[in-house]
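Once you scroll down, you'll see the structures, which are given as C-alpha cells.
Across the two complexes that follow, chain A remains constant while its partner is chain B and subsequently chain C.
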Partner chain A sequence: MAAVPASPKDPLQPLRLGTDNTPWWAHAIKWGLLGLILLAGAYVIQRVISNGSWLGVVITAFIVMCVLAVYSTRRAVPMKYLLPGLILLVTLQIWPIVYTVSTAFTNYGQGHTLSKEDATARTIADSVQEIPGSERYKMSVAVKEGGDPTTAELFMLLVKPDGTLHVGSKDGLTDLAKDGVEVGGTGKITKAPGYTVLNAKQGNARSKDLDALTVPVGKQGGLKAVGLSQAFEGAPTITYDAKADTLTQVKDGKTTVYVPKNAYWSPKDGGQALPTGWKENVGFKNFSNLLTNETIRAGFLKIFLWNVAFAAISVLSTFFLGMLLALLFNDDKLKGKGIYRSILILPYAIPGFVTALVWASMFNQDFGLVNSLTHLHIDWLGNAWAAKAAILITNLWLGFPYMFLVCTGALQSIPSDVKEAAKIDGANAFRTLRSIIMPLLLVAVGPLLIASFAFNFNNFSLIYLLTQGGPFNASDTSIGSTDLLITYAFRLAFSGASPNIGLASAVCIFIFMIVAAMSYSGFRRTASLEEIN
Partner chain B sequence: MHKRAYGAAAITGVAALVLAGCGSSSDKTSFTTTASATASASESSDSTSASSSSTSAAAPAAVDEKNPARADADLVIWADADRAPILTKYAQQFAADNGVTVAVQIAAQTRQQFGDATKVGKGPDIVVGAHDWLGEMVQNGTVAPIQLDAATTAKFAPSAVAASKFNGQNYGVPFSVENIALVRNTDMVPDAPATLDDLLKAAKAAQAKDSKITTLLDQSVGKTGNAYYTYPWLSAYGGGIFGTTASGDYDPAKVIVNSAESLKGAEQLAAMGKQKVLSTNVGDDNSEALFTGGKAPFFITGPWSIPNVKKAGIKYGISSLPSLPGGDAMQPFLGVQLFYVSAKAKNAALAQDFVTQYVPTKEFQLAIFQAGGRPPALTEAYDEVAASDPDVKAWYEAGKDGKPMPNIPAMNSVWGPLGQAASDVIAGKAEAKARFDAAQKEIVAAIKKSS
Partner chain C sequence: MSNVADAAIAVPESRSVTVKSSPRPATGAWWRHLLGLLALIWALFPIVFLVSAAINPAGSLETSSLIPKHMSLANFHTLFADTSRPYTSWYKNSMIIALSGALGSVFIGACAAYAFSRMRFQGRRPGLLALLLLQMFPAMLTFPALYLTFANLGDVIPALGLNSIWALILCYLGGAMGANVWLLKGYFDTIPKELDEAAKVDGASHARIFFTMTLRLVMPILVTVFMLSFVGLFSEFLLASIFLRNVDSQTLGVGLYTMTIGNEKNRLFGQFASGALLASLPVVLLYLGFQKYLVGGMTQGSVK
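For the complex of A and B:
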C-alpha cells in the first residue's frame, strides 16, 4: 500500500521532548509529510473503492489513522519508532503467511477462480448460440427522441437483409416507417424520426444495458446485439434452476442435467464436466491428498534425502573452498590481494540465472565445454548421478565467493595477538588453524552457514534452469533425479491439467515446517559453539 | 547471492501478494508473484502509455459534458511487443472513424498478465493471443463469446476457425496461422527432400563435403523432450495426442499417445536416435545456433527462427516436412493467433464491434501481417500476400493439412510426459512401446485427477 513506504521518514527527525527549541521548519516538514500521507491514503482508498474492495478501504484507513494518531500527538513516543516496523511486519510477513495458510484450505487454482454465482453466470453466457437459419440484422443503438442517451431505455434500429426496417425493444419487434429514415454507407440506420441514434462513444457507454437487452422474437431467446453494428437471434442453451441448484442444457435435441460436484458443474449421469468451475473451501483435503497420495509418498523420501544432501554438500563445499581461498588471500605476505579478491568475487556478481544457463550449455554432452576440455563423453544432464554432480559443481561455482567474502571478513576480525600467543606456545600453522582460527571463525559464520543451508534447501532457480528436476524415471515424469522438494511441489501443483494453488500452498506449509525444524536444531548447535568464547 | 536474493525475492513476492490483496478480497490473488508484480507495474504505467499511444477525434455530443470522459481510453487492447506498433496505427484509424479513444498497450507476458489483471478487474477490453490459451481462459471465465456471422466465418481458413472454438462456442477472431516446417541451408542442399530417406541422403552428402556439419537433422529435443516437435512424427502415421468427439473437438477422454499409429512414429524416433540423426543434446538452447552456425543442413522450426537465420546470412529454403518411411507426410500443429474479448471488458460493445467489424477485413489482416510475417488467417489476405512472398506460401503449404494444437486444458497434462517419452526413446534409454505405454498411463492418470 502506498501509505507504507512514506511512514518511516518521521522517526528520522530529531526527537525533542520540549517544544521550545523545535525549529519552525521541523514542524512544517512534519505536518507536510503527514499531509502527504493523508493524500496518498486518500488516493489509495479511491483506487481500492473503484475495485470494490471494502476490506482494502478499511485496512488503508486504519493504517493512515494509526500514522496520524502516533505522529501528530506528543504521546506514544516508543510507538513513533516502532510503528513503521510494525506496519512492515504485518504487511510483508504476517499477511502473506495468513494468506498462504488460508489458501491451503481452498481449491483455488486454474478453473477455480470465480465465485459460484459468477461461474454459473459465465457458463450461461458462454452457452448462447445463434439459432440455426436465423438472419443477421444491421443494428444501430438509439433512445427515444429527447431521452437522455446515458440513462433512457435503449432501442435497436434494425435493417433486415431484405431491406425492411424494424425497431427492437425489450417488449418485442415492431416495424419502422421508412419516411425520414436515413441508412448510412455501412447499411446501418443513421437517422430515424422519433429516435436519437447514439454514436459509438455513447453506445459503448451503455455496454451493460445493451448486453442486458434481448428483443423477444420467435419461441426462444431473442435478438441480441453484437457490438454496435449487428444483431443476431440467439438463445442460451443452458438454464439455471435456482431451487434445485442444477443447470439444464438442451443441445442438439439432447437434455443434460448438471449438478455441482467437486466445484464443477458435472453431468448427473457422469461424463465431462462444464469447463468453468468455482472456488470453494475444501477443508483439509489438500493436506490429506499430500499425505495419502502414493506417488507422493514413494517420491518423497528419495527427494527429501537428495534435498538434504544437496543443501548440506553445497554448504560444506562452498564453505571449504571459500575458507581455503580466504586463508590464502589473508596472508600478509601476498601482494595485489585486492585484484585477486575482486576476481574471485566475479561469479558472485553475475546474476545467478545467467550462470546457471551458461553452465547448462557447458554441460551439453556433444557440444559442451566440459566434455570437450576433458575429452570425456559424460551425459551430464541425462544421467541421474552425473546430473547431481553437475548441479553440485555449478552451485560450488555460484556459492564459494559468498563464503570467501564472509570468511575474509571474519578472519580479519580475529585479533593477531591470539595467533601470536599460539605461535609463542609452539603451535604450528595447522594446529593454530584447527584450535584457534577455526573455532573463532565458526562462531562468526555459523549462523550464516545455516542461512545458506536454508537457502539452498529451497534453491528452486538453480535446479529449474539447469535440469528442470530431470533426468526422469521412465514411468513417472513427476519425480526427477535432481528434484528438490520445492521443484517437485511446483510440478505437482502446476503441471497437472489444472494448476492448483491451494495444493501448492499446502506443500509450502509442509516445506516451511521441515526447514523451520532443521534451522531450529542448527541454531541450537551454533549456540553451543559460542560457549567457546 | 544469498542475502540479496532472499531480500529481493521476499520483497517482490510479498509486494505482489500485498498489491493483489489490496486489489480485492482473498479470491483474487495472482498465480505467480513475479508475473503479478509485472502486471501491476504495467498497470501503473497505463496512464502514460495510454496518453502517448491513443488518439481521439472530437466527439461533439452534448452528453459528453455531463458524462466526462474517463481517464482511460474507450477501448484498451493488449498485444505483444511485435504487433502492438502496427496495431496502434490501425487502432488510431478505428478511433478516428468512431470518435473514440483507443489505447494499445504492450504486455510482455500477455497470457499471465491478462489472466491476473482480468481477475482483479484491471484487464483490457481486447487481448491478442494464441489459440491454445483458450481452454484455460474459458475455465477461468476471462473471455467472452464472439458471435461471428456465417458469411464472415466463411472468409477464414477452416483450421483457423476451428482453433478459435471451445466447447462448440466461438471465442476469437483469427488473424494469423503459424506452424513448423523444414528449413534447409540451400548452399548445402539446393533441393527440398520429399521423404525422410531423401533428407538423410542429402544431409550425408552435404556432411561428406563439409566436415563442419555435426547434425544431420536439427530438431529441438532436449533432455526433458519437446512434445510440440514430437507430434509430427506421430501424425505422419495417423497417430497423435487426442482422438476427437463426434463434433470434431479434441476429446480429453481419448488419449492416443500409445495407439498403434503413434507407436510407429515412436519407433521411427528411436531409429533416428540410434542413427544419431536426432539427439537429446540438441535442445531449445542450441538448435537455432547449430543451423545459423552452418553446422546443420536441415532445421525443423517455425517462422520465429527466420529473423536470426537471415541475420546470420544463411541462404535458406522452406519446404513441407518430409514423409516418413511407410507413412505419410509429417503434419505439424497449427498455432492460430486470435483477438479475444475479455469477459470483464469495460467497453464490451466497442470491443465486440472492433473484432467483428474491423479485424475480419483484408486491409487489417494485411497490416498486421507486416508485423509478424505469419500467413494471414483471412483467405483473401493470404492470397494477396502469398502471390508476392514465397516464404509465406511455403509456411502455409507446410501447415495446410495440419491440425490446430489442442486448446483443451487437458493438453497441460501432455507436454511433460510425451516430451520426456520422446526424449528417452531418442536417447535409447527405453524401448519405444514400453515408454509410450508408460506415458499414456501417466497422461490419462493426470487428466483423471484434475477433472
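For the complex of A and C:
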C-alpha cells in the first residue's frame, strides 16, 4: 500500500509526467518577433507624431500594448491564437464598415475633402496677392540635407531686400545663420549648411509643390514663389469674420461678402462660389437623393432592377445548364467521364478577369469572333439590350462548370435505393427525375444557389471588365445600361467628372442591406447554429 | 439470357430491376457522347480562340480567328520586351499577392479555428456567431473607406500607402479570419481531442501541440483553404484597381485590363492574348492538379 504514489493535489489536472521541453529556438523566435513588433510600433508612432495625428498614436500604442500583454505572459492562451486575426478584422473590416457608414452621411468628394477650418485657411492663403510696390526676395529652392530632391519637403532659402538671410517653410519664416552660406552672383543662396539646393531641372520638376507652398508671415500674410528665383510677400485679399461666419473679399476696389452655402463660400448676393469647399454632415440627404431626386432615382431604380434580373438569370441559367450536364454524365456506364469533367472545369478555372476581357474582344462588332462566326453585325457592346445579352452569355460560360460540379456531387449522394424503389413502383425516367431526383437535388444545392445569387449580385469584375457598365445614354452619362449597383458606386467614387464618395458610400450601404437581408434568410434556416460546440 | 432467380421472384418488370447487374455494353450512350461533344465545343471555343490569338503572328484583333493560320511566338517576345507594360512585374506582383495573402489567410484562420475548436473561454459562442454575421458584409463593399484610409496611411507610412502591394495584402487579410474559420473549425472538430490530451500529459505546451501535431493532422483542409484563397486573390480586381495605380505595382488583372482599353487595343490584341494565356496558367494548373481539394471546398459554400 505504501508503494502507491501520492495522488496529485488536483485530480482534474492531468498528471504532468514530462517537463515543458520547448526548444530554446522557439523562445528565441517568439521574443525576437515581439522585439520586432515593438520596433515597428516605435517607428510608426514616431512617424505618426511627426504627422500630428494623436488618434494614430493612441491606436498604434494600444495595438502594441495588446500584443505585449497577450504574448509576454502565460495567461490568455485563447487570445494568443485569436489576436492576429482579431486585429486585422477590427482595423480592416469593422472599421471600414463604420467609416463607410459615417461617410455616407457626408458630402465627401471632389472639392469637399477638407474640414471647414482648413478650407477657409486655404481660401485665405490662396487669395494672397503681391502688395504693389513691395520689393521681392531672392529665392532658391532647397530640401533638407539627405532628403530626396523629388519628394522631400521644400524649403525657400531667402535673401531679403535688406540683405538678411531667412529660411521659409510651410510652418513659417526663420532666420538663417550666415556661417557657411554662399551667395552667388545673382544674389541667390547657392549653398547653405544643412540644406541641399535644387538645380533648375530639379526645381522645375517640383514647380507644382512650390506653387502650393505659402510661407505664413505675420498674422495673415504670406510669402509665395514667383518662378524659381524670386518670392514676394503679399497680403490676403480675403479676411474671415469668425463672429458673423463670413468671408470678406476686397479686390480691385470691390467688396464682396461670402456666406457658407452648400459647403461652399458663396457670395451673399448670388454668383460664383469660391472653389474650395469643405466636408460637412448632410444627414440623410444622400439616401433621400437616391429615393426622391427625380434624375438620380430613375437611374437608380433602373440599375437596381437590372441588378436583380442579372443575378437571378445568371443563377438560373448556369444552374439549368450545369444540372443538365450533370444528369447527362450521371451514368455509371459512360466512359471518359474524367476527361469530360477535366475539360468542362476549364471555363471556371480560368481567372475571371481573363474570361471577361477575352469575351469583350469576341463581342467586338467589327472584328469579333461572335459576329464573324454567326455572320451577324450586332453592336454587342454598344446596344443596351445586346450588351445585357452579352453579359449573360459570358456569365453562363463562366459559371456553368461550378453548377455542373456541385450538381454532380449532389446526384452521386442520392441513394440508389430510392431510385430503384421508384422504378419498382412503375415510375418512368421523367417521373423519377421530377418527383425524386429534383427535390433531393434542390435541397442539397439550395444554399449554394443563394450564395451564388449573393455573389453575382456584386459581380463587379465581370461587368466592369466587359462593358464598364455601359453603353451609356447620351443624355445622362452617369447611368449605364448594364451597371450593377456596385459598378455605379465605383464610378460615383472614382471615375466621374466630380467624384462623390459620400453618395457612393450611401449606395454601398444600400447594397449592404440587400445582401444582409438575403443572408439573414439563409442564416435563419441554418439549424446547425443551435448546436455550436 | 434468362435468369432463374429473377423468374422465380416473378417481378412484373424484371428487366428493369436486373439492368444494373447485366453486363450489357453501353450501346445507348452514343447520344450522351454527342451532347457531351456539344458541351465540350461550348466550353472550349473561347479558349481555342485565346490560344490561336496568342500564337497569331500578325497579333491584332482584325487578323484573329478561331483556327490559327500561322504560328509563331512573336506575341510572347513583344510581351516581354514591352517596357511600358512591364508584364513580368505584373506577374511577380500577382504571385506575391496571391501566395502571401493565401498563406496569411490559412495561418490566421488555422490559429483562430484551433482556439475555437480546442479551448473553452468566455465569449467563444458570441465570437463565432459574430464572425458569421460579419460575413454578410463583403469587404469589397467598403472600398470607399478602404481607399480613404490607405490614402491617409500612405502619408504617414509610405510603405503602406496606395500603390503598395503590401497594403493590398493587408486589406485582403482583414477578412481572413471570418471567411475561413467555420470551414476550418468543422475539420478541426473531427480530430480526436484525446490526441491533444495525450500530448499534454507528455508535457507538450499548447503551441507545440498546435504547430507540430494539429497542423499536420488538418493538412487537407489547409490545402483546400490555401487554394481557394490563392484563386480568389489571384483574380481579385476591384480593390487592386483602386490601390495600384503605378504601372509597375499593378497586378495581372489590372495590367491586362489597361491593354484592352484605349486606342491601341486592336493592335495590342495578340500581346494581350499571350499575356492572358500565361496569366491563366497557375490557376488552371491548380484546378487540374488538385480538383478533389477544390471541388470539396467549393461545395461548402465558396463561390468564385
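FYI, the second predicted complex is superposed on the first by the 270 of 533 C-alpha atoms of A that agree within 3 Å, B and C clash if a C-alpha of one lies under 4 Å from a C-alpha of the other, contacts with A are read in each partner's own complex, and residues count from 1 in each chain.
Quick note on the criterion: a residue touches a chain if its C-beta (ideal position, glycine included) is under 8 Å from a C-beta of that chain, and two chains touch if they have at least 3 such contacts.
What you see is a predicted model, and the numbers here were worked out from it, not measured in a lab.
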{"item": "Touched partner set for A:508, first chain B, second chain C, both or neither", "value": "second"}
{"item": "Partner chain(s) touched by A:364 [first = chain B, second = chain C, both, neither]", "value": "both"}
{"item": "First (chain B), second (chain C), both or neither touched by A:402", "value": "both"}
{"item": "Partner chain(s) touched by A:242 [first = chain B, second = chain C, both, neither]", "value": "neither"}
{"item": "Partner chain in contact with A:486 - chain B first, chain C second, else both or neither", "value": "second"}
{"item": "Chain B versus chain C as contact partner of A:520, first or second or both or neither", "value": "second"}
{"item": "Which of chain B and chain C A:301 touches, first, second, both or neither", "value": "neither"}
{"item": "First, second, both or neither for A:354, with chain B first and chain C second", "value": "second"}
{"item": "Partner chain in contact with A:86 - chain B first, chain C second, else both or neither", "value": "second"}
{"item": "Chain A positions touched by chain B in one structure and by chain C in the second", "value": "44, 48, 51, 53, 56, 91-93, 95-96, 99, 103, 108, 348, 352, 357, 360-361, 364, 366-367, 402, 451-452, 455, 501"}
{"item": "Residue numbers on chain C that touch chain A, as the complex places them", "value": "11, 13, 16-17, 26, 29, 32-33, 35-36, 39-40, 42-44, 46-47, 49-50, 53, 61-62, 64-66, 107-109, 111-112, 114-115, 119, 121, 124-125, 127-129, 132-149, 155-157, 170-171, 173-178, 181, 189, 197, 200-208, 210, 231, 234-238, 242, 252-253, 256-257, 260, 266, 269, 272-273, 276, 279-280, 283-284, 286-288, 291, 295, 298-299, 301, 303-304"}
{"item": "Of chain B, residues touching chain A in the complex", "value": "1-3, 5-6, 10-11, 13-15, 17-18, 21-29, 31, 59, 61, 63-64, 66-67, 74-75, 98-100, 119-122, 135-136, 138-141, 144-147, 149, 166-169, 214, 223-224, 252-253, 279-282, 285-286, 290, 343, 345-357, 409-410, 412-413, 415-417, 420, 424, 427, 429-430, 434-435, 438-439, 441-442, 446-447, 449-451"}
{"item": "Residue ranges of chain A touching chain B (in the complex, touch as defined)", "value": "1, 44, 48, 51-53, 55-56, 59-60, 91-93, 95-96, 99, 102-103, 108, 110-111, 113-115, 118-119, 122, 125-130, 136, 141, 148-150, 199-208, 210-211, 224-230, 232, 234, 251, 264, 272-277, 279, 348, 352, 357, 360-361, 364-367, 379, 381-382, 398-399, 402, 451-452, 455, 467-468, 470-472, 474-478, 491, 495-501"}
{"item": "Chain C partner contacts - residues on chain A that touch it in the complex", "value": "14-22, 26, 44, 47-48, 51, 53, 56, 77-78, 80-82, 84-86, 88-89, 91-97, 99-100, 103, 108, 325, 328-329, 331, 333-336, 340-355, 357-362, 364, 366-369, 372-373, 397, 401-402, 405-406, 409, 420, 423-424, 426, 447-448, 451-452, 455, 458, 460-461, 464-465, 486, 489-490, 493-494, 501, 504-505, 508, 511-512, 515-516, 519-520, 523, 529, 532-533"}
